[in-house]
Each structure stands twice: as structure tokens, then as C-alpha cells.
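Two complexes, one shared chain (chain A), two partners (chain B, chain C).
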Partner chain A sequence: MKTLALIFLLSGFFFITVAALGVIRFPDFYTRLHAAGKGDTLGIALFVIGLAIHNGFNLVSFKLLLIVLFIFLANPIGGHVLSRAAFKSGLKPWTRKGE
Partner chain B sequence: MGTKNALTKKAQFKQFVILPAALFIFWIVLSGKTDFKNLVIGLIAACLIPWLCRSVLCLQATTTPGKSYAAFDLPYGKIFVYLLWLFWELVKANIEVALIVLNPKMPINPQVRTFKKTLDHPVAQTVLAKSIILTPGTITIDVEDHVYTIHALTEGAALALAPEEGEGEMPARVGRLFNEEAEVK
Partner chain C sequence: MVSDQLLLVFLVALVFIVFLMLYRVLKGPTVFDRLNGLGVIGTDAILILILIGFLEKRVDMYIDIAISYGILGFISLVVIAKYFDGKGDVDQ
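Entry: the complex of A and B
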């Protein structure tokens, strides 16, 4: 059980790290949103599931799983709102050709 | 509100029985107490909130005029199966993005594409737009008049979602998720 929790925690760490690295490395706003929107969602989800497994089966674990559910609902909205606002205000996406 | 009558009896029943029940269970889980005072306060709140929000919970259909849907009258069984599939897609999407980020050459070719998918249920539109953000290399920029503007990290991701002909797997899945339900009513 502890090993399973550890696997979830470490993979969560890995995805959050990759997301942070992606935000630094990608060339423009939209591509950075790709890293932030997806990496964070899965990273946090895996991390919190790992904590729930570590804690065992009780009410606190159930609350942790509810946090995962709400992050799943909220994170895509954040990504969409940011990209929509940028697009409406006329920010041009970076392309290979314009390099 | 004139649109309120457009809800079927079954939809209204579901709305005003399932939602308070769900809220009440949520209250118990969060408070963690089962003494009489807490339960009564929770029950009152759980019944009052759907009633106060009744105008928000009645959603206008996007194409059929005058028709409206109850916001929580959803095919939950099918949605659960869809969520499992979506979670697996999310894992794949992340591994894909992780490989791109860790690749020193950074093999990306970002592009903006549009595709059209008509969904009558407003919740279906939201589900599709959110699913696009969570899956392989694509984010939804805008949804207007059933036209989805998406930004894709790679050409493959763009084509998977909006092929030159036909429709991608995800819009088709979301369509199946909700259209059958619409016919039953």
C-alpha cells in the first residue's frame, strides 16, 4: 500500500516538474498553456490520489478525492478562459513558419 | 420564467430530488458529524439551494428554440464510463506533452484549427470543450455558434481532433453521450 502511494506521489511530482519546465521552455503564451493546463491537472490529481492511498480508507481520503474531482472541473475552465481572453485581444499564436 | 414550463415532469423531478440528495450527502461528508442539529441545518440548506438557483439550473437548448434542459438531468452512467476513458486520455496526453518538453529539439508545430459540431445540450458543449483542453496537445480557444476554435501543439493532435473529413473520436463520443438521451424525452 505504501509503495503504491509512493508511486502515485512520485509520478505526480514528475508531471508537475515537467509542466513547470514546459512553461519555461515553450515559445509563446498558447503553447505554455498546454503545459500548464494538462501537466498541473494530472500532477495534482496523482499527488492527491497518492495522499488518499497513504491515508487509508476513511472520510479524509474521500474528501481528498473530492478535491481531485473539483480540480478536474476547474482547471480546464482556467485554461480556456486565459486562451480565450488572449485570442480575443488579438494575440497571434507562434508558428513554425514565422520563426 | 417562461422557460420553466418547458422542462418535463421527469426532468423536474430529477432536478429537485437528486440534487438536494446529492447536496445533503456532500454536507454530511464535509461536516463529518451526524448529530441532529447538523443534519437538520444540512437538510434545510440542501433543499433551499436548488430552489434558490432554479432559474440557473434550467438551461436553454442551443439549437431548438423554446426547449430547455435541467442542468443536473444527465446520463450519469454513461458519463462515468466517459470519465474513465477521459482519464486514460489525460494520462496519454501528459506523457506526450512530457516527451515534447523533455526533447531538446522541441518538435512542436502549433496551429489553430476550427471544426463544427452541433450539440443541443449546453452541458454537452461544456463537456466537449473541457475534454479538448485535457487531452493530447489541444486547447479550446473559443466556442461560438457550434464552431470550436482549437489551438494544437502538433499537427497530429490537430488532425486527431478535427480531421479533414468526418469528425474526430472525441466529438463523436460526446455526441453519442448526449444525443441518445435527447431522443428519449
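Entry: the complex of A and C
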């Protein structure tokens, strides 16, 4: 069980780090939003599930799973609202030069 | 196998990631980039609060703070995005 918690924590932290790297490095707003919307959601969900396994079976881990459910609903909705606002403001998606 | 030292390492690394996101918030070309960076900071702050709770052995108190912080961050992100709907400056 402890090994399972460690695996969940490490994989979640990997996805959070990759999402942060994507938000820093990607070339335009929509690609950065895709890094934040998908990588961060998966990473935080895995990390919090790992913490719930580490904590054991009580009310705190139920609340942790509630946080997982909320993140799975709220993070993609926030990304959608943000990209819709940007697209209606006239922000053009990035294309490779010369295509 | 998951010790307090490992959770402390995760906490410090998450604070470092928050500072990386602060670069995107300060530099981002459009206002939506800044909002995106603030959203990532908000979701990472939930994890930071839970980890502080585990290190302080008071996780039953910190978890409620984390839940309310996440809900408030999501609502403020949606409201600010609706405010900039169609009228944010996008000249890069």
C-alpha cells in the first residue's frame, strides 16, 4: 500500500512538473492552455489520490477524493472559459512560419 | 515509505513551480496568459495547503481551507474570464 502511494505521488508530481514546463515553454496562448488544462488536471488528481492512499481510510481521505472530483470538473471548465474569451477577443492561434 | 522528508521535498518543489508560474504571470504577452498562470498557481496552492497540513499533523483543518481556496479560485477565474470576454487586448 505504501509503495502504491509512492507511485501515485511520483507520477502526479511528474505530470505537474511537465505541465509547468509546458506553460513556460509553449509558443502561444492556446498551446499553453492545453498544457495547463490537461497536464495539471491529471497531475493534481494523481497526487491527491496518492495522498489519500497515504492517509488511510477516514474522513480526510474522503475530502481528498472530493477535491479530486472538484478539480476534474473545475479545471477543464476554467480552461474552456478562458480559451473562449481569448478566441472572441480575436487572438489568432499560432502557426508555423511559411505555411 | 512515504516519509515526512519526502513530503517536505514535494512542498519545496511545488513552491519552486509556483515561482516559475510567476514568470508567466509577469511576462505573458496577453492578459489571458496571465490569467492562465494565475489559475495554475491557484491549483498548485491547493496541493501546498494539503502538504502543509500533513507536515503540521493538522490535515483535518487544512483540508477545509484547501477546498474553499479551490472553489474561490475557480469562481474568480470564471468571473474574470467572463469580464474579458471579447474585449481583452490581444496585440502581441
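A few notes on this one:
Note that the second predicted complex is superposed on the first by the 96 of 99 C-alpha atoms of A that agree within 3 Å, B and C clash if a C-alpha of one lies under 4 Å from a C-alpha of the other, contacts with A are read in each partner's own complex, and residues count from 1 in each chain.
Keep this in mind: a residue touches a chain if its C-beta (ideal position, glycine included) is under 8 Å from a C-beta of that chain, and two chains touch if they have at least 3 such contacts.
Values in this document were obtained by computation on a predicted structure and should not be read as measured data.
Once chain A of one complex is fitted onto chain A of the other, the partner contacts of A:15 are limited to chain B, with no touch recorded for chain C. In the superposed pair of complexes, A:66 makes contact with chain B and with chain C alike. In the superposition on chain A, contact is made by A:38 with chain B only, not with chain C.
Within the superposed three-chain model, A:25 lies in touch with chain B and out of touch with chain C [touch as defined at top].
Of the two partner chains, chain B and chain C are each touched by A:84.
In the superposed model, A:47 lies in contact with chain C only, and not with chain B. In the superposed pair of complexes, A:93 makes contact with chain B only, with no contact to chain C. Annotation: chain A residues 33, 59, 63, 66, 77, 79, 84, 88 touch chain B in one complex and chain C in the other. For chain A in complex with chain B, the touching residues are 14-15, 18, 21-22, 25-28, 30-31, 33-35, 37-39, 41-42, 59, 62-63, 66, 72-73, 76-77, 79-80, 83-84, 87-88, 93-96.
By the touch criterion given at the top, residues 29-30, 32, 90-91, 93-94, 97-98, 100-102, 106, 108-112, 129-130, 133-134, 137, 139-142, 149, 151, 153 of chain B touch chain A in their complex.
On the chain A side of its complex with chain C, the touching residues are 2-3, 5-6, 9, 13, 16-17, 19-20, 23-24, 29, 32-33, 36, 40, 44, 47-48, 51, 54-55, 59-60, 63-64, 66-67, 70-71, 74-75, 77-79, 81-82, 84-86, 88-91. Across the complex, chain C meets chain A through its residues 1-2, 6, 10, 13-14, 17, 20-21, 23-24, 29-30, 32-33, 35-37, 39-40, 43-44, 46-47, 50-51, 54, 59-60, 63-64, 66-67, 70-71, 74, 77-78, 81-82, 84-90.
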